[in-house]
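Note that the chains take the letters A, B, C, D, E and F in the order they are written out, and that residue 1 is the start of every chain.
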Amino acid sequence: MLYVSKRMTFSSSHRLFNPEFSDEKNVAVFDKCNNPNGHGHNYTIEVTVAGRPNPETGYVIDLKKLKMIIGKEIISKVDHKHLNHDVDFLSGIIPTAENLTVVFWRILSAAITEGELYRIKLYENENSFVEYHGEKTEITVFK
Amino acid sequence: MLYVSKRMTFSSSHRLFNPEFSDEKNVAVFDKCNNPNGHGHNYTIEVTVAGRPNPETGYVIDLKKLKMIIGKEIISKVDHKHLNHDVDFLSGIIPTAENLTVVFWRILSAAITEGELYRIKLYENENSFVEYHGEKTEITVFK
Amino acid sequence: MLYVSKRMTFSSSHRLFNPEFSDEKNVAVFDKCNNPNGHGHNYTIEVTVAGRPNPETGYVIDLKKLKMIIGKEIISKVDHKHLNHDVDFLSGIIPTAENLTVVFWRILSAAITEGELYRIKLYENENSFVEYHGEKTEITVFK
Amino acid sequence: MLYVSKRMTFSSSHRLFNPEFSDEKNVAVFDKCNNPNGHGHNYTIEVTVAGRPNPETGYVIDLKKLKMIIGKEIISKVDHKHLNHDVDFLSGIIPTAENLTVVFWRILSAAITEGELYRIKLYENENSFVEYHGEKTEITVFK
Amino acid sequence: MLYVSKRMTFSSSHRLFNPEFSDEKNVAVFDKCNNPNGHGHNYTIEVTVAGRPNPETGYVIDLKKLKMIIGKEIISKVDHKHLNHDVDFLSGIIPTAENLTVVFWRILSAAITEGELYRIKLYENENSFVEYHGEKTEITVFK
Amino acid sequence: MLYVSKRMTFSSSHRLFNPEFSDEKNVAVFDKCNNPNGHGHNYTIEVTVAGRPNPETGYVIDLKKLKMIIGKEIISKVDHKHLNHDVDFLSGIIPTAENLTVVFWRILSAAITEGELYRIKLYENENSFVEYHGEKTEITVFK
């Protein structure tokens, strides 16, 4: 197996809060990430696909194709958007890096048809990031 | 003269629009930066102070002091905030990187008393940034 | 004045040699950069435009526009190309970073019409780069 | 087990094409990477060796030694070279990042004798890279 | 399982030598890293915690908490220190990156109580680093 | 004029103190940088030379030559050394980044004979750095 990866970036704002918490508890738990008007990040998403090189091309998957898939399925939906308000597939989900990564996995694992999705890393900045390998994970959706 | 620089980061969201434009014109001019719910960035601010080394310490200005000044005057006011709604000194100002840099200059040039403020660079991301040397510049404040 | 900058990257190969030198002298002068089949780089170009913020938009120049100009005038012509063979405007020019920068200046200073071209930096890699402010400079064109 | 890694860089040009494809099919499959004169990259290779620290030195393998091995076996053969024309051990191989990584593994796994080669990552640029753990993989050699 | 990571930096000096070696052998083995007055690095430590997102917060562990733990347990003890002389928990240990990583693991695996410590990476610089997953490893302590 | 730059790195330890200060005053002024056993950094030095491209080569100065000069005059003297104890030309000088930069200027401006030394930047880390353009500057030498 070889593992090929593509990194792309997007800029979004988000606000962390649990609608079932009191305001006080939201501030206690989420601190400055709970600012009511939100705040933002330049996120980097790194998507890794596992497979064997095609004997005719030497590619596992052409990274230009992988870039197009990530661009169409993820970047075009979240870039320059507010993740709490503007993105259908995140409705009701607390937009922590952890939850975003699980949702992005569900979308990309269906959209990638050459090789197999192996890992997603999501950086909020170069010093804080999440990675995920697709193990079954529940995330909470609030109404 | 020597020039000493400190870089710090903050995460904010912003929305670009001119309250005197129609919605159509705002979309035409600011495009995806006009998303009504805002979007966000990890900004990096790089502040440069010019001066001669103190003969007793070899410092132009102790960078730990410069870091404290930038932290108190800028980072604590803008980090994890929405620049259009949550920051007094940006009220009525379109929060482009250009305008932010001019406002930050006015604040920091008053607050830095060892050496002299020489340059501010403000990065929206590693590929897009503004620099400013303090030449007299008007910026528009909308009511 | 404010200075706004956009960085973009391109991948090209080049070979350094002077057609008026003997083979021995080309090897002595250009060393491993003289390899007959060429070698390559991921170049980064950083273009800086000087101006005052437009009072209606807060922009010196919209960086999305600057990105489109650099993309159309430079990147589309040199990315995934051999600089000695595939680029009309480099014909007969030794493709050192210095010469590339001067040629790029001539093209971009004509194409940028909001604000004024102030500086070009061209990185062969993160540790080797050239900058240029547009002073009159002769470069040699070999037939 | 501990895993120690060394990163090094080299600059090469390459051209992607399959000699058994028609020109039209090569363009369709490899797009701008098929440019006849080739194009180039600053590659980064990251080599990881697994082992236990030597009780007398605290090293798994001295990274200065690992650097010398990578330098002798790989960098000196590919830096400032055209990968399609100038490198014996790549003759007849489509120089995708995937294929390069498999070939580099075969060379380095034989050359590293303290600890054991565990992983190779090869970056074409910071946003596109391949990793490999040495599973048996066939690559096509064209005559 | 999701894996969340925090990176932090510290600046320390160290000297590599084995007190049971002769001076000649220390120079032969550790080369310039054996300089008697020591030398220094900006280290980066990257700590990864594995777990499932808390259904109420969407966090595996709040990265602000993880940052506080790393700061209290590691950074405050080693930053701006000489690792051979100033750090209790490193007494008698050759401060290679390998040994540092094993010691940091022992400390952090006890201090992290939400999720489970999964991986530590320690960079001496961006091109040289060690990673460790907690397998039982002996390191030598000299009296 | 064109400006060509080369970046190189070195690892050193240093301790900041003024021999004419009391211990208390040294701690008050230099804080954790005053740790008696010193601490360390991975420094990056960026050296910029100004000139016009040679009509025969297209180079201002071959960056391989500039790298050799910096390597011989600076890196070989300071890498893996303690700046307070092991470097002749720093004897009696408080090794702040400011003072190091002035001393490096004096050495390199004499050693560079193609083009002219234009700027030195010295990074203690990516967020703290000094630049200098060679204006006459006194630095204190303690006996």
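Everything that follows uses one rule, which is that a residue touches a chain if its C-beta (ideal position, glycine included) is under 8 Å from a C-beta of that chain, and two chains touch if they have at least 3 such contacts.
Predicted model only: the values in this text are computed from it and were never measured.
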Chain C to chain F, fewest steps along touching chains: 1
Chain of greatest Cα-centre distance to chain A: F
Longest centre-to-centre distance from chain E, chain (CA-based): C
Classification of the chain C:chain D interface as same or different, half of numbers criterion: same
Where chain A and chain C are represented by their mean Cα positions, the distance between them in whole Å: 35
Chain C-chain E separation of Cα centroids, rounded to whole Å: 42
CA centroid of chain E to CA centroid of chain F, Å: 29
Interchain contacts (touch definition) - all pairs: A-B, A-D, A-E, B-C, B-F, C-D, C-F, D-E, E-F
Residue ranges of chain B touching chain A (in the complex, touch as defined): 9, 11-14, 32-33, 35, 37-42, 79-82, 84-86, 124-125
Chain E to chain A touching residues, read off their complex: 1-8, 48, 52-53, 55-60, 62-64
Residues of chain C defined as touching chain F within the complex: 16, 18, 20-21, 29-31, 93-99, 101-102, 126-133, 135, 137-140
